[in-house]
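Working notes, beginning with the structure itself.
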Amino acid sequence: MYSVTVRDHFMIAHSFRGATFGPAQRLHGATYVVDATFRRRALDEDGVVVDIGRAGDQLRTLLSELNFRNLDDESAFAGRNTTTEVLAREIFDRLAAAIRDGRLGASAHGLASLCVTLHESHVAWASYDGEL
Amino acid sequence: MYSVTVRDHFMIAHSFRGATFGPAQRLHGATYVVDATFRRRALDEDGVVVDIGRAGDQLRTLLSELNFRNLDDESAFAGRNTTTEVLAREIFDRLAAAIRDGRLGASAHGLASLCVTLHESHVAWASYDGEL
Amino acid sequence: MYSVTVRDHFMIAHSFRGATFGPAQRLHGATYVVDATFRRRALDEDGVVVDIGRAGDQLRTLLSELNFRNLDDESAFAGRNTTTEVLAREIFDRLAAAIRDGRLGASAHGLASLCVTLHESHVAWASYDGEL
Amino acid sequence: MYSVTVRDHFMIAHSFRGATFGPAQRLHGATYVVDATFRRRALDEDGVVVDIGRAGDQLRTLLSELNFRNLDDESAFAGRNTTTEVLAREIFDRLAAAIRDGRLGASAHGLASLCVTLHESHVAWASYDGEL
Amino acid sequence: MYSVTVRDHFMIAHSFRGATFGPAQRLHGATYVVDATFRRRALDEDGVVVDIGRAGDQLRTLLSELNFRNLDDESAFAGRNTTTEVLAREIFDRLAAAIRDGRLGASAHGLASLCVTLHESHVAWASYDGEL
Amino acid sequence: MYSVTVRDHFMIAHSFRGATFGPAQRLHGATYVVDATFRRRALDEDGVVVDIGRAGDQLRTLLSELNFRNLDDESAFAGRNTTTEVLAREIFDRLAAAIRDGRLGASAHGLASLCVTLHESHVAWASYDGEL
């Protein structure tokens, strides 16, 4: 299996509901350094997994919809805790939709799976990994 | 599949038996930077893979049982080379036992698998990855 | 010159005033990975720059006063933009006060200078470096 | 599953053919930081996945055949774009051949799989992962 | 002293003249991960060292003039070895000119010094640090 | 001022004397990732700060004299705590002697200063920085 990963980041405010979260129930924030890993069984005609320029641009576009925002005010997350895990899944879903819609090029329809990892600090990170 | 990783470290002395190990047969030591990755298929009611606070505390507790010790004197490793691979498996087993015993909370019984990685330097690391 | 550095982190929400800041004028947030570097010309009687355990504990205590907060609501920053640079200086000042008050031990009075660096992402960081 | 990873690097010049590659069609170059991950189900008699000294030496030997070269002039890559993905696969194949030939020792015949990752910058990397 | 650093990268081909360089006399290449550190004694009216958005954009613009090129063909380096040190100085000079010309804003005239670091691998990097 | 840095590592056992060190009074160990930074005001005739090949080889040679050892048994450290700071200074002194003795080449006599940093984990490191 081949894979290609691109890295970018976004910065948000949010708060959590539930005693489990302790002081993180207060309004606070995070920088998320995001790794998007694209996988396919055989390379395309150009000898790549995905057009890395388009993949990076698309990731940046998707992250800009979340960047510099208070996620507590975003309707997309109404009634949900925007934990690192939930955000990894959300970005996975948006990137998977972009692939299906052809925004990463026709060749990207040959991708097999995708993994999105969000690093919230130097000592903690979370991922969502799934088939496409 | 969702995952969450927490990072910590411990510092030990040890020596190896066997010509394969060359100068590492002498008493020496290592800092191990440890990544514990917890995985589950669906998030729990709080929207997380595991209570990251409890996961980090439990990892620290387990590592403190090894930290600042000469592993050649630890009965847990009698007759075994404490290679990075063996230590990754040992910490995996201890963390798996903590999960089974409920020390990471009831929700942690829903975890599917665990991976423990020990970085011994900027150019070498080892892991043990298994089902729970 | 000798130095010792310890690393920790904190997570906050805030917003900026001024057209310079563009979309960062909206309420958002950040994870700051903090490096505190202590320097002295000669080592103390124990052969160290500073008691690294006390230095790490003190840094953690100071950061816990900012962690999981919305800095727009903190009186300490009233009327000021809490840029990475301003926060680096604030943590420098609080750590310098801790050193003067003896919270890092008597030997820490021999420290010559201090540098506080805040990493806001994998591609941007800021520091304040000054005499003690 | 156990794994061990060793890291090294090599520096090459090359160019790409195809409009997809934009300015990378010009002669340019890259540093590739290479991670080779060896996996096996059970440890060998020494308690290791592979003799890490031999694994590192063999990786260095293989990379030296590519290091400080213009890949456009290498017959091994005639008619192919030497993308990061293609190079990851090439190094995988050469390392797999070294394992089969016994260059990592007899015990290495017990290895189950191998993953080769090439980091081309702090924000992009590619891998080839396969059975042995 | 305050500082702010931004990170970016570029990828080039080149060769060196002189027996000192051994196999690096052949045409090869490198990825350079570039850190540009801007310093000033007091913050400007916005509470920053430099407008980090403009600093990052300017760094990207300057690096794009070198990116995806064979430096052996660039007249700017005719008759010189484009060692990591020489490139760090060249980028320093171009960034210093951009500051003088007002391309980082009027406030940037208050900058005291600049350091440019080029990482050529995970085990080697070089810098040029100077007054402005 | 120009600088060049090379990175390597070594792995040792040791123990500390003094209540300040708490559990680190027990025999334990560490991996030290070492950065050696060489500085000079003007580049030499080859356009470099130092022959990076010779610098890296010399660093490796010096570290091999400490690698895979119990420092409590080394006469060089008799009666001293081998703290990270003390070790940084020791490696500084040995590297400075190598420079004076011409082991880094004649051009290395033009070096102005040297900094040796030892990373003992992902959250702690120490340096000694001095004139040559």
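By written order: A, B, C, D, E and F. Residues from 1 in each chain.
As a working rule, a residue touches a chain if its C-beta (ideal position, glycine included) is under 8 Å from a C-beta of that chain, and two chains touch if they have at least 3 such contacts.
Just so it is clear, the structure is predicted and the values come from calculations on it, not from any experiment.
**Q** Stepping chain to touching chain, what's the minimum from subunit A to subunit E?
**A** 2
**Q** Matching E-F on over half of contact pairs, by residue number: which of A-C, C-E or B-F?
**A** Same contacts by residue number as E-F, out of A-C, C-E or B-F: C-E.
**Q** If you average the Cα atoms of subunit D and of subunit F to get two centres, how far apart are those centres in Å?
**A** Roughly 31 Å separates the two chain centres.
**Q** With chain centres defined as C-alpha means, what is the inter-centre distance between subunit A and subunit B in Å?
**A** 27
**Q** For subunit A, write out the residues touching at least two other chains, lowest number first.
**A** 7, 122-123
**Q** For a test of understanding, state which residues of subunit C touch subunit F in their complex under the given definition.
**A** 1-8, 43, 46-49, 51-53, 56
**Q** Can you list the residues on subunit E that touch subunit F in the complex?
**A** My answer: residues 18, 20-22, 80-81, 83-86, 88-89, 122-130.
**Q** Can you list the subunit A residues touching subunit C in their complex?
**A** 7, 9, 11-14, 23-24, 26-33, 67-70, 120-123
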